[in-house]
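Got a structure for you, written out below as structure tokens; questions coming shortly.
Per-chain residue numbering starts at 1, and chain names A, B and C are given in the order in which the chains are listed.
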Amino acid sequence: MNLKKQGFHSKFRAASDHLATGLAIAATLLVVAPLVAIFIYLIYKGASSLNLAFFTHVPKPVGEDGGGMANAIVGSGVLLGVASLLGIPVGIGGGIYLAEFGRGTKFANAVRFTADVLNGVPSIVMGIAVYSLIVVPQHHFSAFSGGVALGIMMIPTVTRTTEEMLLMVPNSVREAALGLGVPNWRSVLSITLKTASPGVITGCMLAFARVAGETAPLIFTAFGNQFWSASLNEPIAALPLQIYVYAISPYDEWHRLAWGGALVLIILIVFAVSLVRYVASRGILKGAS
Amino acid sequence: MGVGIEVSNLNAWYGSNHTLQDIQLHIPANHATALIGPSGCGKSTFVRCLNRMHETNPIARVTGTVRIGDLDIYKDASPVEIRRRVGMVFQRPNPFPTMSIYDNVASGLKLNGFSNRKVLDEIVERSLRNSALWDEVKDDLRKKSGASLSGGQQQRMCIARALAVDPEVLLMDEPASALDPVSTSKIEDLIFELKSQYTIVIVTHNMQQAARVAEKTGFFLNGRMVEFDSTHKIFTNPSDKRTEDYITGRFG
Amino acid sequence: MVPLAETKIRRPEVAIELPALVVAEPSPDGVALPVPPAEASEIRRFLLARGNSALADKLFLAVMALCALSIFAIVVLIASQLVFSSQLSWHKFGLQFFYKFNVDPETKLPVFWDPVAGTFYALPFLYGTLVSSLVALVIAVPLAIGSAIFLTEMCPRFLRGPLAFVTELLAAIPSVVYGLWAVFVLVPLLREHINPVLMTIFNNSVTVKLFGWTGLVGNNGLFGGANYGLGMLAAGVILAVMILPIISSLTREVMSAVPHSQREAVLALGATRWEMIRMGVLRNARIGIVGSVILGLGRALGETMAVAMVIGNRPEIQKSLLSLGYSMASVIANEFSEASDNLYLSALIEIGLALFIVTIIVNALARILVWMVTRGVPARVN
């Protein structure tokens, strides 16, 4: 073969290898860039809004300075509380069923697949469903309906993560419990679930952080509220919802509050994700062989 | 005190695999009985039929009768009740990873609802003494997790855990196979001492171990029990040629 | 039967020392076993009295099964509520809801969505959702796959953890925060710096002369018309940022699932690293990567808040990417609270139903593809 051609060919291959590497690095940088940009901007714009008033006051009427998002923070707390009461037990129960009773069955596969698909359904659709189910018959918006919408969103996520964590518990542990004559229900709850609990808890935290930032399903369930409210039967403010309303408003003061609220949300979420990673890196099952 | 076990016409399947065929056996009370045989011969399956652990596998099936004392374990009681009276020690130590040593040993009682602290303390101490672990862990009972012990210590703790519920029978499925020689000999000493209080059935692929600790030995081959007799006879003058071949190492 | 002692022992290590202690013997000295006190039988009595808890076990199983069934119940719930509440609109418009339009007598332009007049046709929302999602895919897919390749095949070990962490964070940022940033940072950036450049490239006389026949350049082309900053392009860009992490992490998972033997086989033939990636990894992971892209598409189709904040909220169909538009999810979010009459509400809910069906199909397809490559390893929940 022509030696010159060989030389060129191998040079070409080497060059395309370098080009590919360069492009991949460039792509990675472009992926990282928005995150860095968003963070920097959030801190820059949001930090100045985070004073004591932010956390203790309700919004002032339009045109006045000051005020805060205290009602939205409390409101989010109430909504997440209701959501967790619904989503976490049902989700853990579903995960227990999949891991301990339904392993390998077609039913379990169907549940798992459906849960994954549900996770991809837009949250606004959940909101419409709950609106139709609860808000319409009750003739008013409520924190309760908002909490239910968020809770329904938590169920598929918590089910899947709980199942994954329970499957990691070695069978030898289950056998040890059964061999002692411990009833199955006790063995699952006090031994298997307890062994997997760090992972299960982080799964719940992930679901919690995810719904904490959801806005769309709250638009027509919780509806938002400019004033103090912690009642389950009335419309209630929520942090992401308030951020949205303020962001699209024409008032600078409200924009400022929106940035502050966004920073608070982000800090919460960074905290949750970091905690999850930390627990995962320490080993899901402390000391299990 | 222990009870004797009477096994008649025991057959067991894993799915379509006929793992145990027509086992007939009488295991004497307060003795140690060893079960030997090559890998896959069914001795583990047999032992798991004695405390109804075999049926935890969804494709498992059992026919025949197993009487422990005067109780037909498949007809007269539920698996949970049986397992409280027939304890088991598994091949690999399986301590509960989230519990302390104390909680591990007491788990059989606590998880069944027993809560008298004073009695529990006594039982934990007694069980740990009985499994020759007390001196090594008595200062760290509640501080150390069960999983932080060495392999040999973990297995002795599992024995203590099994003893704490005061079973009438103790089943041991190759309890020392995952352990170093020092731990193994400690456990063999243990078995030797425990058999006066409990009926012990020990599965082992180590013939010397069987010879050391058991009065009676049964030889399993391909799902059948070929020969069951005093250990001395099995190892010096077996009746069946297959037994002799196994003992002398021609196979297995 | 030949006594064992006389048998020729072929393997000397099997010679068994017969212990003299086969018969039960008193315990050796030194270890006095504690005599079991009366509590022993107390324990036995206690445990015997516990019963078999069969009822508790059955109850437990039933409750757990109900929890698992709730997943199906949720799907049924959503579907039934959507169908039920969109009845009005479905009966009125039928299938035409999705493609028909009226014509404004004065301007002669098509009118799709006029709540005041009671005109509810959904075509512009379908268009907006599709175009913004496609723009997002065009931007995101090369970047996501490129970064996935870097992270799995080229990245130095110490960087892997932090970069993966960054991707996870990106996935966790709420839509409304992306929207906030998009409104105040991205849109001005587009309007003042990027769009003018694009417009110059696409709309100058040279380009028009050369490529005018495609219909994509010039004032009536892809980047023609007024430059608001808001619009399809803005929506596409912020969507791209939002679907990047999901495509990237799933692609990484799919690539990691390719066995090392494949990589080694190609390398053994003398391939460069890029060739190894192309032939040994990407080729095998192809199906899974397609699956992750489709999953990203599914996410883009349903994304609500960020898009609602930057797409411009104009229910029209325009060719230009700089024009204002509307998406299915955004119209529901923006107009639900204002929907004054039942037909209006019902029309919005029917759009929601369409969105529900489309995302379910897209997501199911994507999950199947990813599963085919990772072979039953449960797809990671985002």
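As a convention for this text, contacts are C-beta pairs under 8 Å (C-beta built on N, C-alpha and C of every residue); 3 or more make two chains touch, one makes a residue touch a chain.
The structure presented is a predicted model; accordingly, all values stated were derived computationally and were not measured.
*Asks:* When you check each chain against chain A and chain C, which touch both of them?
*Replies:* B
*Asks:* Counting only C-alpha atoms to place each centre, which chain is farthest from chain C?
*Replies:* Ranked by distance of C-alpha centres from chain C, the top chain is B.
*Asks:* Considering A-B alongside B-C, which chain pair is linked by more C-beta pairs in contact?
*Replies:* So, comparing the two chain pairs, more contacts are at B-C.
*Asks:* Round to the nearest whole Å and give the separation of the Cα centres of chain A and chain C.
*Replies:* It comes to 13 Å between the two C-alpha centres.
*Asks:* How big is the gap, in whole Å, between where the Cα atoms of chain A centre and where those of chain B centre?
*Replies:* 48
*Asks:* Which chain C residues reach two or more other chains?
*Replies:* Chain C, residues with two or more chain partners: 47, 52-53.
*Asks:* When you check chain A against every other chain, which residues touch at least two of them?
*Replies:* Only 181, 183-184, 186 qualify.
*Asks:* By residue number and range, which residues of chain B touch two or more other chains?
*Replies:* Those would be 80-81, 84-85, 112, 165.
*Asks:* Help me check something: in the complex, which residues belonging to chain A touch chain B?
*Replies:* Touch list, chain A to chain B: 170, 172-173, 175-184, 186-187, 190-191, 194-195, 197, 285-289.
*Asks:* Given the complex with chain C, which residues does chain B contribute to the contact?
*Replies:* Listed in rising order, the residues are 31, 77-78, 80-81, 84-85, 109, 112-114, 119, 122-123, 126, 129-130, 132, 164-166, 168, 189, 192-193, 195-197, 207-208, 211-212, 214-215, 230-232, 235-239, 241, 244, 247-250.
*Asks:* State the interface residues of chain A toward chain C in the complex, per the touch definition above.
*Replies:* The contact residues of chain A facing chain C are 13-14, 16-17, 19-21, 23-28, 30-32, 34-35, 37-38, 41-42, 45, 89-94, 96-98, 100-102, 107-108, 110-126, 128-129, 132-133, 136, 152, 155-157, 159-161, 163-164, 181, 183-186, 188, 206, 209-210, 212-216, 219-220, 223, 240, 243-244, 247-248, 255, 258-259, 262, 265-266, 269-270, 272-274, 277.
*Asks:* Tell me, which parts of chain B touch chain A in their complex?
*Replies:* For this pair, the touching residues of chain B are 51, 53, 56, 80-85, 87-88, 90, 92-98, 107-108, 111-112, 145, 147-148, 158, 161-162, 165.
*Asks:* Chain B touches which residues of chain C in the complex?
*Replies:* Residues 1-5, 7, 9-11, 13-14, 16-19, 21-24, 27-28, 31, 33-34, 36-37, 39-44, 46-48, 50-54.
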